[in-house]
Each structure stands twice: as C-alpha cells, then as structure tokens.
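Notes follow once the structure below has been shown.
Chain naming follows the written order as A, B, C and D, and within any one chain the residues start at number 1.
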Amino acid sequence: MGINVIIGYTLMFIGAFFFLLSAIGLLRLPDLYTRMQAATKSTTLGAISSIIGIGLMKEDILIKSIILATFIILTAPISGSALIRAGYKVKSPMTDKTVVDKFKEKEGE
Amino acid sequence: MNIYILIFSYLLLVLTIILSILAIHVKDLLAAVIFMGGGSLLVSLVFLLLQAPDVAMSEAAIGAALTMAIYIVAVKKTEREDNDD
Amino acid sequence: MVNLANPTLLVVIPLFFAFLSIIISPFLKKLIKFVPLIVSALNLVVIYFIGVKVLYGSIVLGTTAGLNPPYVIILAVDKLNFIIVLMVNVLGFLISFYNIFYMKEEPTDKFHILFTLLIMASSWISITGDLFNVFVAFEVLSLSSFGLVGYMRSKDSIEAGFKYVVQGILAGSLLLIGVVLIYAQTGTLNMAHIATKLDYVGSLEKLVPYVLIFFGLAVEGALFPLNSWLPDAHPAAPSGISAMLSGIVTTTAIYAIIRVTVTVFNYSAFIPYLFIIALLTLFFGEIAAFFQKDLKRMLAYSTIGQTGLFVLAFSVGTQASISASVAQMVNHSFSKAVLFLVAGIMIEAQGSRNIDDLKGFGRVNILTSILFVFAALSLIGVPPFFGFFTKLAILQTLLDFPGFLGYLSFALVLFAAIIEGVYFYRVFKILFEKSDKNFQAENPWLVISPFILVLILVILSSRPMSVLNFTNDIANQLIQRTIYLTSVLGGLK
Amino acid sequence: MIRKIVYGVFILIIIAAIAIFMSNYKFGVDKMDVGKYYLDNTVPQTGAANVVTSVTLFYRGFDTLGEVTVLFTAALGVAVLYFMGENKRKQKLQESNFVTKIGTRVVFPFILLTGAYIFMHGHLTPGGGFQGGALIATGFLLLYLAYEETSIDRKKFYLVEGLGGLTYVIIGLLGFFMKGSFLANVLPNGTLFDLLSGGIMLPIYIGVGLKVGSELSNIIDDLMCEVKCEEAGGEE
C-alpha cells in the first residue's frame, strides 16, 4: 500500500466525517440560516476531500478530480448564498438567539 | 449487473414515482416544478446506472435544468397556486 | 455520379434554405418570403426527375450514409409516394405564392421559414421508408403547424394552438411508443424489413403497436374521436395555413396510415374497426359542418367529413377501393385548398368570418366567387366535375364491403353528399344575393393561386378516366407488397 | 376521496396491464440483428470509439438531422408566439446579490468550455452535440438569472444557429456529390481514440453543438422577454 493510498483513505474519512457533521447540523440547528451553514459549508469541504481522496488513490483520474473539486468550490457558495437570500426574501423566521441582521441594516440605509 | 446497483436503481425509480405523485398533488406549482426537476435528476441517475451515459447527460441538462427553468418562468408569469379543483 | 432523382434531396433542399434564411433574415427580411416558393419549385424539379422513373413502375430509392438498408435510413418513392409528394409540393408552391401577398402580420420572416419547414416535413413523411423517420418528420410537422396555428396571437388562436399542442404532443408520444414496441419485436426500423419480420410475430404483439401508431397518426389525420383540435385550429390559423393543414397535413397523415396499414402490418385484421371509425368521422364531420355559421369553421368540419370519406373508401381494402380513395384524396386536397384560400380573400374583404356577412360578395368580386363555386361543386361531386367520378368510384366499391355495413355506408355517403350540397348551396345563395354592402375589390395577386388550382381541377375533370387509371396503378402497386419489400431491401431476406 | 381511489385503482389496472403485456416482449439479444451489425462494424466503417454516436450520426444520421430540425422549429415557434413587436415591456427583477453576480462571471466561461469539450469529444466519450449544446444554454440561463439587464445579440445567435445547421446539411451534400449518397463518410476515419477521428462526425457535432446551444439560448431569451425585454424580438 503506497503512501498516496493512505492519504487518500484519510481524506475520504475526513470527507465522510464532514458529511456526518452536516447531517447532524441539519437536524439540530434551529433555523434556516444556521442550517444552511451546515448544509453548504461542511458539505463542500466533505465533497472536496472525498473527491481528492479518490483522485489520489487512482492516479489517472487525479486531474479530473481536482477540476471537479474546483468546480465545487466555485459553485457551492453561490448556490448557498442564493438559497439563503431567497429564504430571507420570503421572510423565513429567524431563531430568537439571533442578535445581528447585517442585511437589514444595509438595506435600511 | 451487480445486484446492489439493481436494487439501488429500483430504489431510485420508486423515489421518482413518489416525486411525480407529489408533483401532481401539491398545490404550490413552484413546488411541483421542483419535484419534477428532482424526479428528472433521479431518472438521469438511473440512466447512468443502466450504462447509458449519453442519455443521462441529456436528461440532466435538459430535464433537470432547462425544462425546470422554463416551467419556473411560466409559473412566474401566471399564478403560483393551483386553483383548479 | 450526381443523380438528381434522389428523394433525399426533397428533404435536404428545404432544410438548406431554412437554415440559410435564418442567417439572412435579420439583414434581408424582404427576401425571406420567396424562400418557400423557391424551395417548392426546386423540389418540383427533383420530383420531375423522380417521376420519370416512377411512372415506368420502378421504385426510386435514396439511401443515406452510403450503405445498404436496413442498416441505414432509406427513402423510397413508389407511385403512391409520388402522387402525395407531388401534391404536397404543388400545393406548397401555390399556397406560398398566395402567402407572399396575404401575410402582413409580423414576424413574416419566421412565418415563411416555418412554412418551408411545413412543406419539408410533409414531403418527408410522404417519401420515407423508415418508421422512426415517420416519427421525426411528424414531430417537425406538428411543431411547425403549432407555431403557424398560433401565429396571429389573438386569444382564440392561442387557445386553438394550445389545444393542438396538447393533442399533438400526446399523439407524438403514442407514435413513439408504438415505434419502440415495434423495434422491440423486430430489432429493426426499416419499414420493409419490419414487414418481412412481422410475419413471425403473434397477433396480439402486433395489434398493440399498430393501435398506438394508428392513434398517433389519427390525431393529425383528424379521425373521429381524436379531431377536436381541428375545428378550432383551422379557423384560427391564417388562411394559407388552413389550406395547407386541410389539403396537405391531413392527407399526409392519412397516407402514413395507409402505408403503415398496408405495407408494414398485416392488413386484414384491422379493417372493420377502421371502417367504423371512418364512418363515424364522415357522419360527425358533415353533420357538424351543417350547423356552422362561421365560414372557415364550416370548411374545417367539411374537411373532417371528407377525411372520413376517403378513409372509408380505403378501409374496404380492395384494389378498386384504394384507387378510389387516393383519387378522392387528390380531389379533396385541391378543392379544399381553393376553398380555404378563397375564404381567406373573402374574410379579408369583409373583416368577419360569419357567413351571413358575405351577402352580395359575389356580385362585387365575381371571379373569386366563381372559383369558390367551382371548387365546392367539385368537392360535393356534381357531375361534370372530377369529384363526381371519385365519389362514383367510392360508391361502387362500398357495395363490395360484406354485410349490412356496406349498404349502410352507401346510404350514409349519399346522405353526406346531400348535406354537403345543402350547406354549400346556402353559401352560394348568400354570396350572390342582392345587397348594397360595399366590399373591397379583390387583390388580383391573391386570386392567381386559387385560379391555377381550379384550372388543375378542370383539367382533372376533363380526363377523369386517365386519372382513375393512374390511381388504379397506384393501388395495384400498393397491394403487391412484395415488389416494394424486395426492391427496398435489394434481395435481402 | 372516492374519486381518487377509483382513479388510483384505474391507474393500477393500466400499469398491471402494461406490465403483463410487456413481459411478453423480449428486449435484447437475438432479435437485434441491426444492432449487432452496428456493434460489429462501427470501428471499421466510421472510426468512432463511441458506438452510440456512430449510430446517431452515421447510420441514422438522417434522423438526427430531423431532430436538429425539430429543435430549430421549436425555437422558431417560440419566437413567433412570443413576438413582441413595438410594445416592448420591461419589468425589473429582484436584483441578484454580489456573490451570485461574481460567481456567475467566474463560472460562465467554464460552463461554455465544458459544453464545447462535450460536443467536440462526442465520438470518443459519452455525450455529443445535443448534450453539449444544452450545457451551453444552461450557462446563458445562469447569466439571465444573475444579471437583470442581460440580453443576447439575436443576430449573432441566428448566425451561429444557421451556420451550425448549414454545416450539417453541407457535409451531407458533400457526401451526396462525392459518393452519391447523402451523409456518406467523405473524411478519413483517422486512428481510433484520436480527436481527429470518426470522419464526418467531429465537424457535424461541432455544428450541432453550436446550433443547439444558440437555439436553446434563443428560447430562453424569448421566454424571459416579457419579464425583461431589452432588444429581443425587435430584430429589424
């Protein structure tokens, strides 16, 4: 077993761990905005590390996996922000613990 | 074919049927469109599992992206609720 | 090496011009209106070269991709294909000439490109020898006619277009499923190859795809339970399009039904059902036409009735009946095209589609009204005209149908002809009634196409027996399936 | 409620009938002699690594020409039905946020690149002109969603569309004039798995890809037109 395989497995394990975290976060967090954090941020990280892990294990698809990871980095935040924005526009309720609403402050000016 | 892949594709097909039924039943047309797009995406996965990547690609690009966009535009131009009973 | 008698050209030439005209349309919008005219003229040249061979009894083939059927798509023209494709392009030529002066509503360039595609698709259906090709051409045909029916963008034309779209798409999917089932049975899509293979297939496995394909085509062919789009679509469309839909689209769909029924499938098992459907179509169409106040709607229902008539004749299933059916098809296409074109002129002159508003029109615009009368008389089947001989032939063959149904249909066809005569007579009477209403004088350019069509009808009327002999040849060639099969497959078994 | 149950039972009966009927059918092996011919002869006759592409573009290329025309007709029909003429309307959409705008700008060229890659490698890898074209169109869709003032230059898109279609027809006609049969293979097959292999497939798929992409973009433009109509429809 080469060193790349070990690194690959480690990365895939990390990716799976992040997926698990985001799943727990989706269930446990109180409102849409915090849940979207779990659904986008940690999922992005999980996806990237598992894809690159697979790429390290099979060298012929390494370049493809890096390109894929780049695409995920580029697109996931955009869709996440668009979703959250849509949620804000339809006035999805916030949790009581929210202390600051920067968007409202900016719009209010 | 691998038995797990077979089971998985059957699972996806059942999910697709559920999504289509939901798309018919739901009152909010926007939600119906989204259910339909989801069904399309699942079908394209099934195509991939059945080793038809060409069809899967067209289904994903046209069924799940373009058609959905066109339907959303149509919903936006008309009424969002399904009043007809 | 270049052989102009190649049926592929009939599809490729229109496509070439269609793609070319979308490029030049932003710059030279004025030129686009001549495109359908050029296209159908070029097609007619090709048809001439094909016709020289076809009339000597050979079947002209056009292969694609340089290989032999059944592995590649083939277009085959026998006498039946030839007469249909000739009709499509003659009518396409004359109607597009009419459209040049008739269409004023924007965007005219897109209208003419869509019309080119309509001509292309009708020609394609009528020459192809491949079942999946029928589906593809059918899709082009229905999509282009959807656009053209809804072209005026008024409320009723959008509504009619929507009805048409829904039914047409449904029909398309039925057709596709039928073709898929056929492919699952036989593993091939070439019509001749399917026909040779279907002999080894059970009757139930054959029935289901046949019924699916039949209903898919019957929507476009306006057979009885599936024609609710037609009475809305024809009045709502611009008059040139109504003429094309009525004269060509319906006819090509019926042609496809004939080809699929006779050449591809075993023929005899489906006849009684087809006969009853056709009888109902005839009866429903003529009765409904009788009660219409709207001129174009009346003509649309009359189209349904006529379709029922020639499908009825075809479904008797003898050689004489197929011959009569094709002859009636020719008569209907030409005369109904004239009627719709003239109706377009009338509607433009008075601004309403109501028949009663036409009072006195015939006293102002004599030529137009006379053309209308001529075409209507030929459609009804009044003795000196061509329609008389075709209807006579149909009545003769109907008695061949076994049992009570034969006599019933004989009586019904006569009854339908009388009804047809009555409602057309009503229009004549109103046309030539005295009235002090003012109409615009007719635009002489618009009258040319219906005039030429009536001239064709007169020529047909002057030698009806030679036409009927030719249709008899057609029917003979159609019934002897093996000639078609062997010449398409080239000795392949 | 009873009506729903009746409908449900009815649908179940239909499904059962179809299932029983279809179980008589045997898809696959011994009836597919045409399909077998394709599998055996694709590489020597066409030089394409992807058999699906060789069937769609070579053996049944005439059908594909028809499918291209179907899309062409659909785009024209939409353009006719959504024709605005003089009274152009303009409504403002909700403005997208900063992230979407910048992100779209970054991603858009990559989407175009991926689409071009897919339709240029149609004869080697899965995919082809239709898929690549659809992908390109989704790129334009993204632009429309992100920027409210987007409007494509219809004249150029018509040019691309027409040229794509003409490529197909002219290559077919070349086959007709040189080998006497429409769409005959007039280009050398090349070595298998090379980009420049597969004879006429590569240029045809490039044409189809560009055509489908521009056509679908035109449809999107027409549909968005009522919401935010800038110049579309007014192609004088």
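Note that a residue touches a chain if its C-beta (ideal position, glycine included) is under 8 Å from a C-beta of that chain, and two chains touch if they have at least 3 such contacts.
By chain, UniProt protein names: A, D = Cation:proton antiporter; B = MrpA C-terminal/MbhD domain-containing protein.
Computed from a prediction, not measured in an experiment: that's the story for all the values here.
For the pairs C-D and B-D, the larger set of C-beta contacts lies at C-D.
With each centre defined as the average position of its C-alpha atoms, the distance from chain A to chain C rounds to 59 Å. As a whole-number value, the distance joining the C-alpha centres of chain B and chain C reads 38 Å. Computed from the mean C-alpha positions, the centre of chain C lies at a distance of 30 Å from the centre of chain D.
Separating the CA-averaged centres of chain B and chain D is a span of 19 Å. Not a single residue position of chain A touches two or more of the other chains. Taken pairwise by the contact criterion, the protein chains arrange as a star: a single hub touches all the rest, and none of those touch one another.
Here, these are the chain pairs in contact: A-D, B-D, C-D.
On chain A, the positions that touch chain D within their shared complex are 71, 74-75, 77-78, 81-82, 85, 89.
Listing the residues of chain D that touch chain B in their complex gives 50, 52-53, 118, 126-128, 130-131, 134-135, 137-138, 141, 145, 216, 219-220, 223-224, 226-227. The touching residues of chain D, counted against chain C in their complex, run 21, 24-27, 31-35, 37-38, 45, 58-63, 65-67, 69-70, 72-74, 76-77, 79-81, 83, 85, 154-155, 158-159, 161-163, 165-166, 169-170, 172-173, 175-185, 235-236. Residues 94, 96-97, 99-100, 103-104, 106-107, 110 of chain D touch chain A in their complex.
Residues 1-3, 6, 8-9, 11-12, 15-16, 18-23, 25-26, 29, 62-67, 70-73, 106-107, 110-111, 113-114, 117, 120, 124, 130, 132-133, 136-137, 139-140, 143-144, 146-148, 150-151, 153, 158, 161, 181, 184-189, 193, 204-205, 208 of chain C are the ones touching chain D in the complex.
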